[in-house]
Amino acid sequence: MRANPIRQIWAEGKWVLNAWCAIPSPFAAEVMANLGWDSVTVDMQHGVNDYQSAVGMFQAISTTRAAPMARVPWNDPAIVMKMLDAGAYGLICPLVNSAEEAERFAKACRYPPRGYRSSGPIRALIYGGADYFDHADDTIVTFAMIETTDALANLDGILAVEEIDAVYIGPSDLSLSLGCKPGLDRTEPVVVDAIETILAAAKRHGKRAGIQCNDTGYARRMIESGFDLVTVMSDQRLLAAAGNKVVADMREGGA
Amino acid sequence: MRANPIRQIWAEGKWVLNAWCAIPSPFAAEVMANLGWDSVTVDMQHGVNDYQSAVGMFQAISTTRAAPMARVPWNDPAIVMKMLDAGAYGLICPLVNSAEEAERFAKACRYPPRGYRSSGPIRALIYGGADYFDHADDTIVTFAMIETTDALANLDGILAVEEIDAVYIGPSDLSLSLGCKPGLDRTEPVVVDAIETILAAAKRHGKRAGIQCNDTGYARRMIESGFDLVTVMSDQRLLAAAGNKVVADMREGGA
Amino acid sequence: MRANPIRQIWAEGKWVLNAWCAIPSPFAAEVMANLGWDSVTVDMQHGVNDYQSAVGMFQAISTTRAAPMARVPWNDPAIVMKMLDAGAYGLICPLVNSAEEAERFAKACRYPPRGYRSSGPIRALIYGGADYFDHADDTIVTFAMIETTDALANLDGILAVEEIDAVYIGPSDLSLSLGCKPGLDRTEPVVVDAIETILAAAKRHGKRAGIQCNDTGYARRMIESGFDLVTVMSDQRLLAAAGNKVVADMREGGA
Amino acid sequence: MRANPIRQIWAEGKWVLNAWCAIPSPFAAEVMANLGWDSVTVDMQHGVNDYQSAVGMFQAISTTRAAPMARVPWNDPAIVMKMLDAGAYGLICPLVNSAEEAERFAKACRYPPRGYRSSGPIRALIYGGADYFDHADDTIVTFAMIETTDALANLDGILAVEEIDAVYIGPSDLSLSLGCKPGLDRTEPVVVDAIETILAAAKRHGKRAGIQCNDTGYARRMIESGFDLVTVMSDQRLLAAAGNKVVADMREGGA
Amino acid sequence: MRANPIRQIWAEGKWVLNAWCAIPSPFAAEVMANLGWDSVTVDMQHGVNDYQSAVGMFQAISTTRAAPMARVPWNDPAIVMKMLDAGAYGLICPLVNSAEEAERFAKACRYPPRGYRSSGPIRALIYGGADYFDHADDTIVTFAMIETTDALANLDGILAVEEIDAVYIGPSDLSLSLGCKPGLDRTEPVVVDAIETILAAAKRHGKRAGIQCNDTGYARRMIESGFDLVTVMSDQRLLAAAGNKVVADMREGGA
Amino acid sequence: MRANPIRQIWAEGKWVLNAWCAIPSPFAAEVMANLGWDSVTVDMQHGVNDYQSAVGMFQAISTTRAAPMARVPWNDPAIVMKMLDAGAYGLICPLVNSAEEAERFAKACRYPPRGYRSSGPIRALIYGGADYFDHADDTIVTFAMIETTDALANLDGILAVEEIDAVYIGPSDLSLSLGCKPGLDRTEPVVVDAIETILAAAKRHGKRAGIQCNDTGYARRMIESGFDLVTVMSDQRLLAAAGNKVVADMREGGA
């Protein structure tokens, strides 16, 4: 089976630089996937994606060495399994608030006897290789999003779920849940504390940790503090920010 | 009929800041169209667009005040007329190399007796308004691309075609045709001379002039030299450049 | 944040005329949205729509002043939140049969602390404006469909859910549930009674009420009886009825 | 090979009632195709259709007995042949202004030795049957649109082209070309005269004649005057007219 | 209402030959549907299909006499009802592991009072006919997949659910659940025993039984042993196997 | 620039095994591209493909080492250039009947000064690499289809066009043009003679030759006779043939 770059990088003691795709376009995904990220995540929750756009984007990502990932829209085994069958090498599940929810998600990612994933890896077999079934359970990475006070309360229970490989912090929802403003790169002490708590807990349980960032400076600090994966910006944010800058430059300079 | 912002801006003695969309996604187009450009052009020649993606993008652009434009893939009345019926307020036609070709393009954009456009402005009627037929010929802007030595040789003939409103310079093809490298923001004297020649000819004929640029500094110089419309970058270039920068920042800073 | 026409109309003591789109086509939606309805609903339950067609249709609707709404296919927070992120200003949820189900739906439409909506309003931010987060909870309208005997039995409980803004009557399911034939514009006393009961309960709780109608006469009577929103026909019904009439006229007149 | 209802109806001395589809949706086409029209035409010129939407619409039309037709966007053998391969039983070609143009169109619809159609009827073979090649040339109906003063001047030459089976009048372009307003159901004497001239010429050459109409009364008069096929309204016009009426009824009655 | 070929064949004491479509393409489905299968199933679980591709494929299947079926991605009434409204004459539900789950699925397929299906059969009314509501409950066939040890343990309970018409065996998941390798056409005694147990139980309860097969020899044996419906291969497997053979033949013969 | 497998294989004195894709589905193309063909051609002429489906299919093909090719629908520089910009490494142009037509096609595939291709290789730059412009003209392979008596008459003129790299025989059209039946694997002496004439002429001019075949035996004979590339079957033919066989096996064995 084709190796998972994410696991390879982690095995080398390094961190993973993850791209985020919200634009439902295989071409945009191909542009992104060719920029040198280690993994590329199709966001099916807040991104403008559904199953069909995600499959096209996975094909585009598969023209590169980057690992294809998806954030599923919900903790629903139907879409979890469909994305795995489509060839996902990593899945991020939003709003995992309890050990039971963590089991529901993570076991949907593993074949019996480790889980309850249904057999039929149609595109995964093409992407992963003929021995996909033998190695899938150890290759695919499962990320549980920790982004509510409920999840914080149940942190150890969630991390004790064996098939959960990593946590992923959604700072915007987490901040909101803690009574702060939504948004990335939070600096409110209560949010910063929560992030540190989650990271420490993950490490304590021998699990990996990832986080969504906006600014490269903030992302580098997260890596320095021990995060194993950072997402920086998204295709839509990159496009809007870069376009905004051009328009501002032109309006200033040329009026 | 809804007024054309391009003509309004020109009437005020100002220049038009044009966006360029190569990604075939109505959502990406909507992101772009909301950034403050005066017009947004769907590139159907080198962009990854066809008629159906362009219509979706026109709908997205129509949620804003920016003028919807298209660069058609070829000087072909079939697609020229389809884009006008879809609501284009400006069309850029590639490779207009002679007065005859200029007539073929520009008259396809005008109803009889001024041209030979066929009647049936299905979406244009919704976008433009019930009196579309009465004003379309005076509202829509026709740009002939001048990008070869043949076009340079026939410049006055092209500019003498009444229904041609403006020229648009494709510096990459023009440079190639003049024996230089392809690319934007050319500085080779022969290309610079050609650009100045085209601009001067357009002004002499009372026509407008636009040009494709990459860098805001170059674009501002073009405006200062008299251009009436500048395109700066494209959605795909903005995305790739911004993404590249993030990856480079992270690789440098975090390794 | 862009105001919600539905709330504005209600604040003026008037009723809302709602369009219904079952055809999965942004162009058909644009045609509909330009006819003067106050709001346009993309039907994702019985209509031939999914998330991707709905987004394209929202873009088309957003070229007009009509409020973009959706009937979600099911009381599922995944699609509820995706439609809100796509810019819905109103959501109609089918088959809300208990207070618990009403909470599940309505709280998915509100950010913490009022609900559990996840943060990431990707297109909603573009459509609604930069201050979307501050006003979304008070702008978006939540409609719970009352269409079964269970719902009738739990009517007060459902209406007591604070984040439910309105009820919406699906006469076809309601009729079926009451042992009558499916279909709109019901006149069976038991169905008429149920409709009156629902309307009265809504008013008693200070909530709004909407209903699906087929005939304009019936719809006007509903308004006279106190309904705040009426849907009349759907794009598919309008097309079929109008086409049927042409065919009948021609067969009669020309045979 | 499956018979062509159009030819069967004509053989019985009757007229064909043709539907017109401008909305790019297989579902909308299926709704239309089930209303009892004899043939259903996908409009690829002024309709919002391209090849891919047309194929899906042909599949939807093929669930009924109505003959699948297309108006191609231009007199271009590439799309003419693609639509035939997709299963078109009739093609309407816009703007046929000379005998030479008529030959270009009609011979693209016939296999050698009668024409120059390329062999590869991929979907047509499924729709038409295994003996498609043997009967296609005699089954498919070719309509040349007569809609300009040039075409009027060359009417006999066009009609003398053997593989042209019929003319089709586009009253809007014809009216425009004759110096009148665009639109259907023209009553200006100069346009009425032109319509009568075209009809008489077709009959004189033993060819069929069709015309685009808006109103059933006008359409019936055209049949009475000898037309063999009438198109009445289009899906988009039917939808807009029916929706407009509902909105008007509601605004009047309920305000 | 249009009759269901599946029920007609069974009434004649014969077995149903079912096709399986994993490729999300209406054209591929049309090719398949024209080969002589009795029914054609769009696989939305492991196949690369979602709602929108399935609707297009149903339209393509509806050009033939084969019964349109779908395997839904999950036991979720939202998609179950959407596929019925789209015209499904049979539904296969994966992973039905208890009587409660069987009820959840099967009652979603029946209108009140027999079930809780919501009224709005938009395309089903066109495909099935105007009297669809009166006959749908007795026409549509519901298949519960038996593919886990849990389902085996609850077999009688599942089969006692009145609105379950048939079981469908997924040998790959069943084999995995029983501790064997995944894949079709299993010969391990424990799997063979389980298959026989399921078949016998179905017959005992007066229900029908279907099974997914790969090889025609295996499929024929299943029919001989009493199965009422066999699926053989899938479009993707047929394509890959046939293409593989061509490549192998060419590499051997021509190197 | 990424090397072209077709040129590499030819440089080694070997022949190319080409796949043919008529089904408009990136997933079907990915299945095909993984079977071991040297190149995969998206058929945009008789296949059910347009530009947008072809781009998705190119992305799917690009996940493998097979060279992405397209048969364009017509000798039209617009689509020729769009397919090159999309990353085609080989183009097959139908119906090249004269030296002039050969020039029109082949020069559209080369940048100035060798041709008139317009600069803007949007996806080709991603697929081919940053030095695409420097090597594209020598990497891309141009195939002129010889399939009419006109082409036979002009064979030497066509082959003398420098930028034509190869001929490609369409036996069905060729056979038809020579007064025989359409179809592949022709054995009529007049067609066999024509094929041999074309092959000999190609070799005489130092050009490559390819041919469309149905049967592997016939294809091997073509290779033995000197052809440099053979296409065997197509995805649609493979699917239909394999499906037909399963149905026939089942009907025979199980009735």
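Per-chain numbering from 1; labels A, B, C, D, E and F assigned in written order.
Please note the rule applied: a contact is a pair of C-beta atoms (placed from the backbone, for glycine too) under 8 Å apart; a residue touches a chain by one contact, two chains touch by 3 or more.
Because the structure is predicted, anything quoted here is derived from the model rather than measured.
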Pair with more cross-chain C-beta pairs in contact, given C-D and A-F: C-D
Computed distance of Cα centres, subunit B from subunit A, in Å: 39
Where subunit A and subunit E are represented by their mean Cα positions, the distance between them in whole Å: 34
Gap in Å, rounded to a whole number, between the CA centres of subunit F and subunit C: 52
Shared interface positions of subunit A, touching two or more other chains: 24, 27, 31, 48, 50, 52, 55, 76, 123, 236
Touch-based graph of the chains, sorted into line, ring, star, complete or other: other
Residue ranges of subunit D in contact with subunit E within the complex: 26-27, 30-31, 34, 55-56, 59-60, 62-63, 123, 126-127
Residues of subunit F defined as touching subunit B within the complex: 50-52, 55, 76-79, 81-82, 85-86, 111-113, 118-123, 133
In the complex, subunit D residues that touch subunit C: 15, 17, 19, 23-25, 27-28, 31-32, 35-37, 48, 216-217, 219-220, 223-224, 230, 232-233, 235-236, 238-244, 246-247, 249-251, 253-254
Footprint of subunit C on subunit A - complex, ascending: 22, 24, 45-48, 50, 52-53, 73-74, 76, 94-95, 147, 170, 172-173, 176-177, 179, 181-182, 236
